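What follows is a short report on a single structure.
Which chain is which? They are A, B, C, D and E, in the order written, and residues in each are numbered from 1.
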Amino acid sequence: MQFAFDSMLGLGLLACAAGVFWSRDLFRSVVMFIAFGLLLALTWVRLEAPDLALAEAAIGAGLTGVLLLDAIGHLRQHKEHSPRNHWLLPLLCCIALALLLILSLNARPEASISLPELVAESLPESGVEHPITAVLLNFRSYDTLLEIAVLLVAAVVAMALNDGLAATARTSAEQSSRDPVLAGFTSRLAPVILLIAVYVLWAGSYMPGGAFQGGAILAAGLVLLKLADFHIERYAESLLRLGLALGFLVFLAVATSVMIGGRPFLTYPEAFAGQFILFIEAVLTFSIGLILFSLFNQSPGQEVPHDN
Amino acid sequence: MSFWLPLLVLATSLVAALFIFTLPEERHALRGSFNLLAALVKIALVGWMIIAVANQQTFETRFTLIGDIDFVLRADALSLLFAGLSSLLWLFTTIYAMGYLEGTPQRSRFFGFFSLCVASTMGVSMAGNLFTFLIFFEMLTLSTYPLVVHKGTAEALRAGRTYLFYTIGGGVALLVGIASLHALVGHTEFIETGVLRDVSPDLYPALTAIFILLIAGLGVKAAIVPLHGWLPAAMVAPAPVSALLHAVAVVKAGAFGVVRVIYNVFGVEFSYQLGVLVPLAAVASFTIIWGSIQALRQSDIKKRLAFSTVSQVSYIILGLSLFGPIGTMGGLVHLLHQGIMKVTLFFCAGIFAETLGITRIRDLNGVGKRMPLTSAAFTIGAFGMIGIPPVAGFISKWYLGWGAMEAGLHWVLGVLLVSSLLNAAYFLPVIYRLWFARPAPEWPDEQIPAGRFETNPWLLIPTVITAAFSLGAGVFAAAAWSPLSWAELIAVREYLS
Amino acid sequence: MTTDFWFACIGAVLIAMALFTFIRHTHLLRRILAFNIMGSGVFLILVGLAQHQRQTDPVPQALVLTGIVVAVAATALALIIFRRFYQLSGRTELDEDQQ
Amino acid sequence: MIYLQYLLVGAGCLFFIVGTLGLLRFPDTFTRIHAITKADNLGLGLLMLGLLPSTQSVPQALKLVLIWLLVLAASATASYLIAHYVKAKSPDALPHAAETASEEQD
Amino acid sequence: MNLIPLLLVIPLAWALLSLLLPRLPLGLLALAGIVLQLGTAAMLWNDVQIHGASRYAIGDWVAPLGITLVADGLTVTLLAMTALIAVVCAFYAIFYLRAYEKERRYFWPLFWFLLAALNGIWLAGDLFNLYVGLELVTLAAVGMVTLSGERHALAAGLRYLYAALLGSLAYLLGVALLYGAYGTLDLGQLSSLLEANLITQLALALMTFGLLMKTAVFPLHSWLPPAHGGALAPVSAILSALVVKSSFYILARIWMDAGNALMPVSAAQLLGALGALAIIWGGWQAFRQSEIKMLVAYSTVAQLGYLMLLFPLAIGQSQQSAILAWQGTMLHLLSHGFAKAAMFLAVGTLVLAVGKKRVVDMAGISAKMPLALFAFGLASVSLMGLPPSGGFNAKWLLMQSAIQSGQWHWVAVLLAGSLITASYVFRVFSVSFQKDADPQIRPTHPALDLSALLLAAIAIALGFGAAIPVELLTLPEEML
């Protein structure tokens, strides 16, 4: 029974991917892409990776889907002319790549280190029970630090591109056109979303969840508010800028202040590791939510593209 | 002190170059005085080193560049011969250039590259191993290119391009030669009697190939026939540049390189054993004859002098390839004499062009009356070239002939005879026009009136001095400090040990 | 034929399909989609292969989490630059890519 | 007890299939939204009921109910928005509107 | 207080400062920051020279679990180079950006993030950490390329982003395969575990493809010229001198640690062939360019070909020629970094003064801008590999290695490369010496010429002082 479900899921994934690549109309591809994201979330559950399922659903399918839909909305025509004609050569090497990959997947080199045991051993000292959060925020916290930097750079570049625009073009029309049903729904849903985000963040230390998933849910809430014409980006621009960088700032501050005590970079004091991680995660969630929202919000506005 | 002196000699012109580059264009007086000061300081330093080396003292700067290769500047007898020549003539060329470039734009750039060029010549002369030699050899190319294209006209740029094409190609050949020599033998030091004496015979073919590569690389600058194309084309440069290029810097650096390769890398006995000297002599002789014939056919003064240089430099290479102390002495001393005489000839050509606007030999009729001193200097230079006694040229040709006899290469005597006749053939008509022909009604483009001096004193004085020098080198050849005795000192050291 | 290995193979096929589209299509949005799906394929292989060899391993899952966030940052950036480019030029392909 | 769960889950799946059939068969957007929203919500409710007994703890059960409520609210708003959008885009699409318009005329 | 993390913390802290406090004099702030970083790098350099390579476990977790930073001879030299080029480019940018008010706002944060990522890559010893570092470099670099917001900059940025992302994914796939097979991500441990089986070679091939894409080596280089040619001068200087080298550094590290026994010699020869094609094709394209910045950008493509010669000369050859090749390549990486940065800064000044982009517009500027042209000249001496420059020493070492391993065809490639470089460099010179052309130029700040001259002087000084960094480079073999 398991195998049947897995094979259906796998073939479903391939079907969705085929739909994304070979459908004529771009809008249809984006919709198929979102479906692909949801199926992928299911796959992560099958691979016993609930964290990834959460992240994939929230960030992969959800947020990326919204960004794509928003982009499609601004394109005038969705049809795109025929792709390049030389297709035989790329087809052959792609098939070769696939075969090579599959062939190599079942290789079994003898000498190999088993990391999961190492993680299990040093889990108690990491200050959290959930292994993935331990890896993310303690064992390989330097990766996470750089990753937040990547997010921040993306936001900075988005801001840089937008400052170029005339400021007027970005503020959308005044709020008269707010849709009653959507407004009602959003105003009631927003607190629930916030609650869920905080819950996911809190649960991260002992079961799947954590900063990224919480941040993504928060961002989804903010996007919903923006779509329902609750003008939240009118708050002072510098506050938004501080919010974006706050998570990274706190993480870096903690990472370096620890060094003053003589410990190596990014080593949390043994006793308070859990509290440190939770504190960092809370600020990170807030910042990731804001960054992901600003990536959606900063994208260029309604100007009609002029053909020059 | 022995560590710093060679560096100091190099530094004088490097510092001068950098200072002049930053000088704004209109500060002529400051630039001129700074130039002369640098030249005088350099002559003083070189003079001091000559005296010290004469009584067995040596100067050496050495520090490691990468791995087993080090940057060596050594002032031994041979290097000071060339260093002395170039520092002396740099002083006179600077004075001449200041007069010649009066009122022309971009002089800061000219004099900057001018002193950079002499700095690299100093480096070439004092290089202690092939690697350092290559560094300054390429620096010479880079610093002379802007001088060749100084005028900025389309023709100058084209000449610059050919100049670059030849010299960088030569540089590449030289680099491959040195790299493979280094890989084969392990180091490229200049040692008095050569490095390669005790090399196993199976390396001979490789070493011959390397020898050919090195000589080809150096031959471009020494203007050996197939590789001399850039020399006549570079005539489009201003007179002091052609004087500097042909008499002092570029051409002599090539010849000096050949000396180093034959005497201090391969060792003259080993090259003889390798059997490369005779073909080299043959190529040199061919260049001598071919250069003189080409000179005969030129109607422009500077073109004729250019081809005469092509043949004269090959005299030096011919002398070097005669296996025997006398022949070597002839080659070395000709290196000096040719330098001084050729500078005088080019100075005179420059003066003719500047004052009377004469560039073609046909217009030289009766210039003797109008400009007696310059014509006299030209005549002394011409006599030297032909090899007529009191002037220095005769001495070197005499020793070359003697060396050829000693080395048993009788056909070289024939070559010397024929080339002297050819020299006479292309110089005597010019001298006849200068003194005995009737002058044309008015000069093509008289810029400087015949005031107290026949032309701008800045141009005249250096020309007369160099003419006096070439005469003096001939007459006082036997004196202790004369170029001939210095060449003898070197030859003795090369052969005895 | 465990589930991990099966989904790793699916990942490999996804990568091949995405690469094929990346090469053939010049529409910038289409390429962003292809890039995302290729990313998902790589993540599938990363987790699938690791867990196929040994038991469930938190480290690749953490790496994939980081990968997903990096992918969304890169996609968002690509989208923003593309839309600015589209606004200025009205074109959906880069100039040289045309046939 | 387990049989009741199978029954409920089966009924839930049945409603899902009916909803999808409706999606494929119905002529225009409005009827399709109608089919999807109604059938799926009911299907999900049955599914949720079927799974309730096998939850380990009360908070987990509450979370299941919360999921169902959220889906209900979301699909309702979504279907309203889609209908609103389609009506705004092409007013003549409404079959019902066509008859009422003709009644007013005569 | 160990020095290694300082090199990561300083740039990240300054990035935040320049992002959050835009009203501060960002230029001076940047200068202070980099001088601090230069000091740290110098201290670390000294420390490694005395005690040899050192490893630093982040978060106190031992290798396979945590991430270790490795500071050996090569890393420290690259750190010093990055700091040096950054301080000069920052000094240049303060005056250069006066003419570009809009870009100034976001130049500094991106500059600092780029610097942090570069330091992270030089120091990293963990494969996935290198991936995140590469991503950070890519995004920051794309941000800087698209700063001006014009159409061609955006197109160049997009092309760069797509190529870099494809490369990163290929690299990540390689890392995934390696992790799947060996269970560890630490480079040091991996190099001892690797065996020559299908999965390892496929992983290495994929990583090589990815990194070649990001280093813009011949067939995959089409994104580099518009990106480097179109960007602001200090940006293209940093991109050409440092960013392109970071992915090559990873490639060299992986191949040297793991590749020697595993990868077949034919693969190394193929990489060498790609390098040779890059030299010839890049040089020929540079010769044909009409715009001066595009000429310099294509010259980067050509000079990167030299770096690829490391593989044929080191893999499968004698230990002696491998060390020579390694020293030659890294010295070329250093001297090309300084020379290319100097050239881009000099060209930036010329374009700013003349106002036009084409090479022919530069007619007769040797009279008006002698110092900028002199810097360009010195830089081109090093690029051409003429003595007395660092480029020449690098070419010399590579030539020695080629001769000793008997591969004379690479000697021919080296020589052809320097001839082609001479051709397109002297094209600029001959134009600048034209007499009659009299360009009207806007006055530029002398600091611009000074910084270009300083970098060029360092490239030439490498010609004389190459002994110290070169024998420091050979440390990795014995230490790790």
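To be clear about the criterion, a residue touches a chain if its C-beta (ideal position, glycine included) is under 8 Å from a C-beta of that chain, and two chains touch if they have at least 3 such contacts.
Remember, predicted model here, so these are calculated numbers, not experimental data.
*Asks:* Over the chains that touch one another, what is the least number of steps taking subunit C to subunit E?
*Replies:* Contact-graph shortest path, subunit C to subunit E, evaluates to 1.
*Asks:* Ignoring subunit A and leaving every other chain in place, which groups of chains are still linked through touching?
*Replies:* Excluding subunit A but keeping the rest fixed, the chains that touch end up grouped as B, C, E | D.
*Asks:* Please identify the chain lying most centrally, where each chain is represented by the average of its Cα atoms.
*Replies:* Closest to the centre of all protein C-alpha atoms: chain E.
*Asks:* Measuring centre to centre, with centres taken as mean CA positions, what chain is farthest from subunit D?
*Replies:* It is B whose centre lies farthest from that of subunit D.
*Asks:* Counting C-beta pairs in contact, which chain pair has more, A-C or A-D?
*Replies:* A-C
*Asks:* From the C-alpha centres, identify the chain that is farthest from subunit C.
*Replies:* Max centre-to-centre separation from subunit C belongs to B.
*Asks:* Distance from the CA centroid of subunit B to that of subunit D, rounded to the nearest Å?
*Replies:* Computed value for the inter-centroid distance: 99 Å.
*Asks:* Which integer distance in Å separates the CA centroid of subunit C from that of subunit D?
*Replies:* Computed value for the inter-centroid distance: 33 Å.
*Asks:* Using mean CA coordinates as chain centres, what's the gap between subunit B and subunit E in Å?
*Replies:* Inter-chain centre distance comes to 43 Å.
*Asks:* Centroid from C-alpha atoms only, then distance subunit D to subunit E, rounded to Å. What do you get?
*Replies:* The answer is 58 Å.
*Asks:* Going by the contact rule already set, what residues in subunit A reach two or more other chains?
*Replies:* In subunit A, 101, 105, 112, 114-115, 119, 140, 143, 147, 150, 153-154, 157, 161, 164, 308 touch at least two other chains.
*Asks:* Mind pulling the residue numbers of subunit E that touch at least two other chains?
*Replies:* 128, 132, 135, 139, 142-143, 146, 149, 151, 173, 177, 180-181, 183
*Asks:* For this structure, enumerate the chain pairs that meet the touch criterion.
*Replies:* Contacting pairs: A-C, A-D, A-E, B-E, C-E.
*Asks:* Residues of subunit A touching subunit D in their complex?
*Replies:* 179, 181-182, 185, 188-189, 192
*Asks:* Please give the residue numbers of subunit C that touch subunit E in the complex, ascending.
*Replies:* Residue positions touching the partner: 15, 22, 28, 31, 35, 38-39, 42, 45-46, 49-50, 52-54, 60, 63, 66-67, 70, 73-74, 77-78, 81-82, 84-85, 88-89, 94-96.
*Asks:* Which residues of subunit E touch subunit A once you look at their complex with the stated criterion?
*Replies:* Listed in rising order, the residues of subunit E that touch subunit A are 1-2, 4-5, 8-9, 12-13, 15-16, 19-20, 56-61, 64-67, 102, 105-106, 109-110, 113, 116-117, 120, 128-129, 132-133, 135-136, 139-140, 142-143, 146-147, 149, 151, 173, 177, 180-184, 189, 193, 195, 197-200, 202-203.
*Asks:* Applying the document's contact rule, which stretches of subunit B touch subunit E when the two form their complex?
*Replies:* 21-22, 64-67, 69, 71, 105-106, 108-109, 134-139, 141-142, 145-146, 149-153, 156-157, 160-161, 164, 168-169, 171-172, 175-176, 179-180, 182-183
*Asks:* Given the complex with subunit A, which residues does subunit C contribute to the contact?
*Replies:* On the subunit C side, the touching residues are 1, 3-10, 12-21, 23-27, 29-30, 32-34, 36-37, 40, 43-45, 47-49, 51-59, 61-66, 68-77, 79-84, 86-90, 92, 99.
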